[in-house]
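Note that the chains take the letters A, B and C in the order they are written out, and that residue 1 is the start of every chain.
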Amino acid sequence: MKRWFPAALAVLAVGLALYPLQATGYGVRVMLQLFMWIALAQSWNLISGLTGYVSFGHVVFFGTGAYASSILIVTLGWAWPLACLGGGAVAAVLALLIGWPCLRLKGPYFAIATLGLNEVMRVVVSYYEGLTGGGNGLSLPTLYASVEIYYAMGLVAAAVTVVTYVIVTSRFGLRLMTIREDEVAAEAMGIDTLRYKLYAFLLSAAAPGIVGGLSARDQGYIEPLSVFPLIMTITMIVMALFGGKGTIWGPVLGAALLFAFQEVVWARFIYLHQLLFGAIIVGVVLLMPRGILGVLQQKYNLPRTI
Amino acid sequence: MGVLITPSMIGQVVISGLLAGSLYAMVALGLGLIFGVMRVLNVAHGPLLMMGAYTTFWLFQWIGFNPYLSLLISMPLLFLVGVALQRFLVRRVVDAPELSSLLLTFGVSIALVNLAQLAFTSDLRAVEYLTGSFVVGPFALSKPRLATCGFAIAITLGAFVFLRSTRLGKAIRAVSQSREVAQVCGIDVQRIHLITFGLGSALAAAGGSLVAVMVAIQPEMGQVYTFKSFLVIVLGGAGNYPGALLGGLLLGLVEQLASLFLTAQVNEAVAYVLLVVVLLIRPTGLLKGRV
Amino acid sequence: MVKRFGGVAAVNGVSLALEPGRIYGLIGPNGSGKTTLFNCITGVDQADEGEILFKGRRIERMKPHQIFHLGVGRTFQVIRVFPELTALENLLVVTTSGYAEAQRRARELLALVKLERLAGEFAGNLSYGQQKLVEFIRVLMTDPEMILLDEPAAGVNRTLLNELLDAVRRLRDQGKTILLVEHDMKVVMGLCETVCVLDHGEKLAEGAPGVIQADERVIEAYFGR
C-alpha cells in the first residue's frame, strides 16, 4: 500500500490535469462537479466525522459562499478567483459566529440548530432583494471559464484532502477525535473542547464557501432554493458516510462512487431517481454506517491514515 | 412604517395565533412522542402529514366523503403505515446517534415524497369544503380554521387523556422516561415503540386531513410542518408532552404577531430564528425537558 | 459546599481541607455524594453553594479543562479512555508540551507500568486492567499536583492493585495531594492517612483509618440501624 499509492496518486493527478485538453465541455463540467462534491463531503467530514458533531445544515456555507462571492463580483466587480476566496472567508466567519453559541449544544440539538441556520440564511438572502435579487435570483456577467473553474475546483478538493491528512496525523486531529470519543473525559484531560470544535467548524466551512462561489460562477445564476437545499447537505453526508467518515480518503471514495451512480441513474431513471436515492440513504445507514473504508479499517486493522 | 396597530388587531392576531397553534401542537405532539420514547428525530413527519392530506383529498374527490369524517380513515391508516415503518426500518436506529435516525427518516421522507409525486403528480390539489368566516364583533374567525382548531384540540385532549389515564398511555410515558426501568416492570418495549410510532404518524395524518381543507395539497407540503414540529418540541422541552402543547400555541402566536410587523417572507424565518434563539438560551426547552 | 439536583441535595454542606503530601480517602454508602463531590471539584458539575479553593484560587466556576491545567487530574469510576485512539495517543493528547517531549514522557510512563509493547494498540482493544493503567498514567502526563482517583481498585486483580497502590504512595512521597473514592475497605485503610465518611450528602466523620473503623455512626451508616 505504501509504495505504490503516492505513485498512483501522481499519475491520477497528471491525468486529471490533462483531462480538459481532450474532453468535451460537458465532460469538464461533470468532473468539475465531482471535485465540488469531494470538497463538500471532505469538509463535512472535518467537523462531523472527526468531532462527531453532526452538521445537518452544512450546505449553508455553500450557499453563503455562493451569494457572498457573487455579490462581490456583481456589485464590486471583483475577479472571480478573489471573489470565491472572499466567499470562503465569509462562510468561515459565519461558522465562527454560529459555532460559538451552537457548539455548546448536545447532539440532536446541534443538528437541529444547524438545520435552522440553513433555513434562516435562505430566507435572509431572499429578503435582501436589493443585494441578492431575492427570489428572482442573481445573474452573473457571462463568462466561459469552465476549464479554469475545473482547475480551481480540483485545487480546492485536493487542498481539503491535504488539510484533512495533516489534521488526522497531528495532535490537533487527535484532540478533535477525543471530542467524538468522550467529550467529558476530553475536558477533564485539559482539552478546551469548545475551542477545538470551533476550529474544526471554521475549517469545515471555508471550502464549501469557496466551492459555492466557484459553482455560482460556473452556473452564472443562483437563487435561494438552488444553493440552500437540504438535499445537498444530505448528499454530502451520505457520500462521506458511504466512503467512511472519519477517514481521509473515505469522502473522496464515497463522492466518486455516489456521483458516478447519480450521473448514470439520473440520466436513465429521472422519475425514480429520488426514490432510489432514498433507498441508498436507508441502505447506507442500516447496512454500512462505517462506510467502505471504515469497514476495511476495522477488518484489516488498517492505520488511520487511509 | 406608519401602521396604526389597534387592540382589535392584536386581538385578531392572538386568536389567529391560537387557532394555528393548536394544529402545530397536535402535529408536534406526534413528533414529540416519537422523540421522547425512541430518541428518533423523525424527518418523515411532514410526508406522513402529507399522506393524511392526500387520503382526505382522494376520499373527497372520489366519493364526496366529508373531509372531517375522513379523520376516522386517515388516522388509522397512517397509524398502520407508521407501525410498518417502525417495524421494518426505524427500529434499527432507536437509540442510535442522531445522525442515523436523521438520515434514515430523511431517506424514508424523500421516498414517500417521490412516491406521492409518481402517484399523484405535483399538481396542486384542494378540498373545497368549508369557506368563509364568522364575524364576531371586530374579529373575523375563519370557518375552516375554527373547525381545524376544534378538531385539533379534541384530538390533542384525547391523546392526553390516553397518555394520562390508560394503561397503554402510562406505559408509553414510562418507556419515555426510562426504558430499562420500564422493561424491568414488565413492559413490552418493542410493542410500545411500534405503537408510539404509529400514534405519532396518526397525529401527523390528522394534521394533514385538517389542513387539506385550507391549503394547497402537493407532495412537498409536509416539509414546513416537520420543521415547525421540531421547533415546538425544542420550545416545549423534549419528552415534555404538555410542553409540546404550549410550544405549539406559542409558535402560532409568535408567527401571527410577526406577520403584523414583518412581511410574509420573513414570517417564515421567524419560526427558525425562534428555534435558534431558544436553543441557545435554554437548550432543555422553555419548560423543563430532558436533554 | 452544597450541590442540588432538583430538590435533592446530593452534597449538603460538606467541608474538606486537603494538604499536600497526604493520601485522603472518601468513603460512604452508595448515593452518599462521593462522585458528585468529585465532579464539583473537577468542574464537571457546578456547586450551588460554597467555595472550592485550590492553592488559594477559587475554582468552583471554572471549566474542567481550566482546572486540569491548574494541576488537578482525575480518573473516572467507569474507565474513560479514548477507545479509537492508541494507548500512546491517549497520553499524547493530554499535554501541551512539544511533540517530542510528549512522546518521551508518554513512553516513559508506559514503561513504568510495563505497557510499552502496547503503545500502538487501540485503547478499546486493551483488557480492563490495561485500560485502567492507561487511564492512571494519562493523569500523570502533566505531573499534576493533586490527583483524584475514583474507585481505582474496582475490578482490578491483586497484583495489579499492589502496583497501583505502590505508585500512589510514590506520588504521595513526591508531595502530591491524593484524594480517592473507594469501596474496598482494605485498600482505604491500608493506604489513606485520613479518611472522610459521607452519608446522604453530609460529612459524617473524618479522621485516621483506625478511628473511623471504630466509629459507631460510620458502622450504622454502612450497615443500617
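Definition applied: a residue touches a chain if its C-beta (ideal position, glycine included) is under 8 Å from a C-beta of that chain, and two chains touch if they have at least 3 such contacts.
Keep in mind that this is a model prediction, so the values were computed, not measured.
When chain centres are defined as mean Cα coordinates, C lies farthest from chain A. For this structure, the chains sharing the highest number of C-beta contacts are A-B. Here the chain at the heart of the shown protein, by mean C-alpha position, is A.
Mean C-alpha position of chain B lies 48 Å from that of chain C.
Measuring from the averaged C-alpha position of chain A to that of chain C gives a distance of 42 Å.
One simple way to say how far apart two chains are is to compare their mean CA positions; for chain A and chain B this gives 32 Å. Interface residues of chain B, counted against chain A in their complex, comprise 35, 39, 41, 89, 92-93, 97-100, 102-104, 106-111, 113-115, 117-118, 227, 230-231, 234, 263, 265-266, 268-269, 272-273, 275-276, 279-280, 283, 291.
Within the complex, the chain A residues that touch chain B are 48, 52, 54, 56, 101-102, 104-109, 111-113, 115-117, 119-120, 123-124, 126-127, 230-231, 234, 237-238, 241, 271-272, 274-275, 277-282, 284-286, 289. Residue ranges of chain A in contact with chain C, taken from their complex: 171, 174-175, 177-178, 181-182, 184-193. Only residues 42-44, 63-66, 68-69, 74, 76, 80-85, 89, 92-94, 96, 99, 102, 138, 142 of chain C touch chain A when the two sit together in their complex.
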